[in-house]
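Next come two complexes built around subunit A: one with subunit B, the other with subunit C.
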Partner chain A sequence: MSKESTSPFDVAVIGAGPAGLAAAVAAAERGARVVVLDAATQPGGQFWRHRPESVEPDPEGHGHHGWKTYLDLRSRFDAAISTGVLHYLPNTQVWMIEREDAGRFVLRLTPATGTTIEVPTVRADKLVSCAGGYDRQLPLPGWELPGVMAAGGIQAFIKANGTLPGKRFVVAGTGPFLLPVAANIAAAGGKVVAVCESSSLTNWLPHMGAASGVPGKALEGAEYAAIFAKHRIRYRTRTVVTKVVGDSSATAVQIAKVDASGAIIPGSERLLEDVDIVGFGWGFTPQIELAVSLGAETRIDADGSLVCVADEKQSSTVPGLFLAGEVTGVGGAVLAVAEGYVAGASAANGEQPKTSTARQIQRHRRFASAMHQAHPVPEKWDELLTDDTLICRCEEVSHAQVTEARDVLGATDARTMKSFTRTGMGWCQGKVCGYAVSCLSAKGTTDENAQHASLTSVAKRPVATPLTLGEISTLDSREPHNL
Partner chain B sequence: MSNPPQRITVNLNATPVQAEAGQSVGAVLMGQGIKAWRTTRNEGKPRGLFCGIGACYDCLITIDGEPNQRACMVQASDSMNIEGDFSA
Partner chain C sequence: MNAPSDVIVIGAGVIGSAIAFFASQQGLSVTVLERGLPASGTSSACEGNILVSDKELGAELELTKFSLDTWRGDLAEHAGHWEFESKGGIIVASKESSLASLDRLTRAQGEYGIDVERVDIPRLREFEPHISPDALGAAWYPDDCQVQPMLVAGHLLNLARKNGAKVQVNTRVTGFVRHGETVTGVTTDRGEFHAPAVVNAAGSWSEHIAALAGVNVPVKPRKGFVMVTEPLPPMVHHKVYAAEYVDNVGSSDAGLQSSPVVEGTPAGSILIGSSRERVGFDRSVNTEALRQMATNAIALFPFLEKTRIIRHYHGFRPYCPDHLPVIGHDPRAPGLWHASGYEGAGIGLSAGTGKLMGQALAGLATDMSLAPFAPERFGEFTPNTMISQESAA
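Coming up: the complex of A and B.
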């Protein structure tokens, strides 16, 4: 980086997915000096993840939605880099944010891969978090077997590598996202044995008004219907995977029909054999740890996720901190881009969003809310759990240990559960089991705020990503190398 | 525009294996039919790719002598030494 870049930036953007790209471009085009930090090695986020540009320099965007939007954002992003107003730091994760004099943000950085970090600290007057999210998971018997993946993980694998992680797939959980995952598998030459959707599609009927506000989604739906017909993919609604079967890796799944509460309909169980990859997705968990660590106010969204509160300028409740994309509520890439533009402009010069943009955001928020209500996590999802089902994969904490801690020791929130059983204390820091542990801990509590408090305790991670002790101990010696 | 894939050679526990340039370490392993490359600390259970995007840390592996690297995040490169418990 050049000498001029040693002073603090006007705006730091976390994430280079749909929201982050839009925020960065909006801020840079308004004259702000911008730094973008992203864990991946090239822009696009999970939604526009693509093969390494070193091997495929001009990706055509097959299997992607909104690729033209990506190309437009990317060319503006690259233009801002070439004029020197935007600094892009790939392969970089933010592990802690502090505030110093005058409220300036100090971001401590660690490499996503490898062990060396060129720029260990950046400072910025405004911060836009567009950290995105990851697949939300619910434990079930056999989910720890190799061959079981997150639905989004399968899609990321295909998009990034151009190959498949296996041959015969079952995709299960809930929500429209299961459809593109199955379509991507089929397009790459994999066999999708079944897509199991726990909800009934009639759940959409009360929400047709909200759905009609976003007609593009209906077109996407028609597109998937055609792909499913072409590849003869069975779309089984009101169906869940009750267990994954296998010895050293997944070889089959047992599925069953469920009622509206998610309770298994007796006698409906059947085995799908010869399955080597099982993908689960129960919606998404937004990555809000950094915003929460700065004190941003949270709320429970329609999907039960803990998200951060943002106003019409995408401003959080923390002065100087703006938010866009899934961190404000899971709503997909179009909404993320719209919010990103608003957040970037607000951060750069306090600009108010245009009425048309504000309306677009509202329409997509309504659609997202309808989607979440049509595809809830089944109320009785935990009926599948056996005593020895792992809840926390990292620390290998069983369902029996969790229920005992709750019922005997009074661990009725995720934080107390963590101290009694070590749930969420491993490498992932509760990212994978946090939602399930919150549900299981708070089960039976009548306090309406119990789940909010429980999820908040999961999201409170002063250190947002695993570090070596060396990295922490060298904090002070990093100062002379600051950007 | 796709160019013909460039081939690279990586070493899986010192055994050379051909792979396509631009793939993640996890993809190279899965391409070899290896689904697990470490065992858990308490119960010794096999683990490989799970979240696929760097959140879960299930796919940790030793790369060029550096332990605890995420196989889903690291791009394989020529002559890379990848060490794991491939019989996990």
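Coming up: the complex of A and C.
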């Protein structure tokens, strides 16, 4: 495709993961002219990330859940491409969205990191954002050491390469996502020394009603129990990693038992030696910056994440903008696919979801909410920070600097903290430290809206992905049109 | 009711913070009222310049020199708090016409006692090895400095607090308390505050505050973008800008203007400015401004073409139609004072302003005359100077 603007599409879909594929297929099958923009080289997103198809085809989808769903979506996706109604732009990232007079979306694109393809400017009447999310991380002593990864980073590494980033692993944090990560490490031949889950599984007891509405999840649980037994993986509940130990890279972790608030139980600390990779997952942070930049209303979800508000048609509060998947609340791939179908159909022709679909979505949302309540970020997670623990790794800002800026200079929200200390100003633009900085800043105020305001400021990224000044200098010259 | 004080300062940006500090140094009790958090307006959306190089002759240059002395004198012991850096500025001319402008500017500034030195191309390359091969001539200003403006505000407020000042954040001024014509305090969403002197240091929002007191201070927001690159090894060593920048600073055009300002930072990022447009408090992104800024920056430093930006931000300069700040007591509303309208020079001028205002509020003679900045120069409201919509945001 040339660098020139394309003629306008009916629907643009951002993301080709579970939600994006479903949205694209639903819209295309209703006759809409659809464009799908995705940063990856092939469809599937993080959840169905797989080895390069042309090099190592794996039609069985080893290590994947819902692979049949993927194959079904993929064949419909490919069919729509072959008939010309669906245009697929892989290796492409959206760095900014504008709106024209008629409300049409103008998507400014840049080649994904590591590629040099020519990208057009895309215009579309409706937009469906299925941008997914990334692992939520919390700082702790030693987390800047090589060998410390996001749990999802380990998962992506295995799915994309079929190999392991190390030999002996500890997976820690909270939530069911730790289980497939450990299982995939074991299946790929790695040793999982321990899985540390900060919650107690009895946290689930009040939510069994919600859980029983989604029986598939129980089957998955049984499956993991069998895998853990087979590979002798130790699953430690009410346990956190209190520090990562090592000189030039991680060599051990110290773990401890915690009470329900996340406070460390004195005397319970112990060292797990001979560990070269530690994967942390404290849930996920939805990638909402593009929706926020368009003015979409947000709320704080049960897991403490900032998510966008969507109605039963998956419509955001911004006319023409639809949302599906993690951007409306972290809930997993099955929910993402269901929401994707609804969003794609609504965007294509304003269709109302079927009652059965709406019920399915409600059931999965209840389950997700129960899961979040059973696996909260521990209230006292910050007790293990020392003065010199880095909070922002990009800009090397310490806990002591953050505390001083809050208590002495009055930085009680993430935006002011960023101004005063440079937290979140580096390469990742606060994607890694944003949640922690928001929590730590808000501790200095009684303002109950502080956390929402903080997370909102973290979610504002006017450059959603880095691009060169050369690219900006050749933008088509056009004054923006405001609604 | 809140305890009365000698001075109320509206706004906790650099200007308000500097006034609070110097007034408290004079022994005055000060209450700072800020509608958001410290430095949450223009002070956190600028580049932190203390520039002599872009000033034309006149009262503003006088104030600039006074302020520079204050930064280096009264405030020297705190310089480390806000990363004060005498990095020096370089103006580059790449066209014959701008070279002629630069000649005129540097000659006049030199005669006035500004430390400025013309440098030839080989010398320019020593200063900035990556400068464009199109450069025709340049001028070097060793007195151009830089601070981290948010830290200036944060630490000056903290120093003021140590002198007994109170800082009340998340408090929005909604009106004035009057005794006859005289201003004796303000009403806020957190109750009334009383003081015989109230200082309007609300920056780009000061027209709105003045209007609450029924006086005309026609300060308008003039929007500007700054782009921030990925961290790089040192490639740009000073504050470098094109000769056209000086013309833009002095213009009154409401439309989009851009001229390149490029500077390295200790963190490794390069900051790229500048744009100016008067579009009220419209926060939308102007793609055309970004495009022009990128094009201009590449023209000055060609290596930037391959450099990535990781974010951009924008702020609203408090623009005054006669390009002079508004500083001092307002006889139209006795008890009300202003310190606003610095456009792009507020960070640099904050220290001097604070010192002079501290003296004036304490009833002392000021070290330099505030007469050129007198608020009453704007006269009374007329129907078409009534508060514009721009100010109501």
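Just so it is clear, the second predicted complex is superposed on the first by the 463 of 483 C-alpha atoms of A that agree within 3 Å, B and C clash if a C-alpha of one lies under 4 Å from a C-alpha of the other, contacts with A are read in each partner's own complex, and residues count from 1 in each chain.
Basically, contacts are C-beta pairs under 8 Å (C-beta built on N, C-alpha and C of every residue); 3 or more make two chains touch, one makes a residue touch a chain.
Source: prediction; values computed, not measured.
Q: Is A:Glu56 touching anything from subunit B or subunit C once the two structures are fitted on A? First, second, both or neither.
A: Touch partner of A:Glu56: subunit B, not subunit C.
Q: Kindly classify A:Trp427 by the partners it touches after superposition: subunit B alone (first), subunit C alone (second), both, or neither?
A: Both subunit B and subunit C are touched by A:Trp427.
Q: Mind working out whether A:Glu98 is in touch with subunit B, subunit C, both or neither, as first, second, both or neither?
A: A:Glu98 sits against subunit C, while subunit B stays out of touch.
Q: Which partner does A:Ala39 reach: the first (subunit B), the second (subunit C), both, or neither?
A: first
Q: State whether A:Pro165 touches subunit B only (first), subunit C only (second), both chains, or neither.
A: A:Pro165 sits against subunit B, while subunit C stays out of touch.
Q: Kindly classify A:Arg461 by the partners it touches after superposition: subunit B alone (first), subunit C alone (second), both, or neither?
A: Once the two structures are laid over each other on A, A:Arg461 reaches subunit C alone.
Q: Looking at the overlay, does A:Arg415 come into contact with subunit B only (first), subunit C only (second), both, or neither?
A: second
Q: So subunit A touches subunit B in one structure and subunit C in the other; where do those two contact lists coincide?
A: Common interface on subunit A, subunit B vs subunit C: 395, 426-427, 466.
Q: Touching subunit A in the complex: which residues of subunit B?
A: Spelled out, the residues of subunit B in touch with subunit A are 1-3, 5-6, 20-24, 26-27, 30-31, 35-36, 40-43, 45-58, 60, 66, 68-70, 72-75, 88.
Q: Using the touch definition up top, name the residues of subunit A that touch subunit C in the complex.
A: 96, 98, 108, 395, 405, 408-413, 415-416, 419-420, 422, 425-427, 429, 447, 461-463, 466-470, 472-475, 477-480, 482
Q: Quick one: which bits of subunit A touch subunit B in the complex? Just the residue numbers, please.
A: Per the touch definition, subunit A meets subunit B at residues 39, 41, 46, 51-52, 54-58, 60, 112-115, 134-135, 144-150, 152-154, 156-157, 160-163, 165-166, 248-249, 393-396, 426-428, 431-432, 466.
Q: Quick one: in the complex, what on subunit C touches subunit A?
A: 37-40, 44, 150-151, 154-155, 157-158, 167, 169-170, 227-231, 267, 269, 272, 282, 284-288, 290-291, 293-295, 297-298, 304-313
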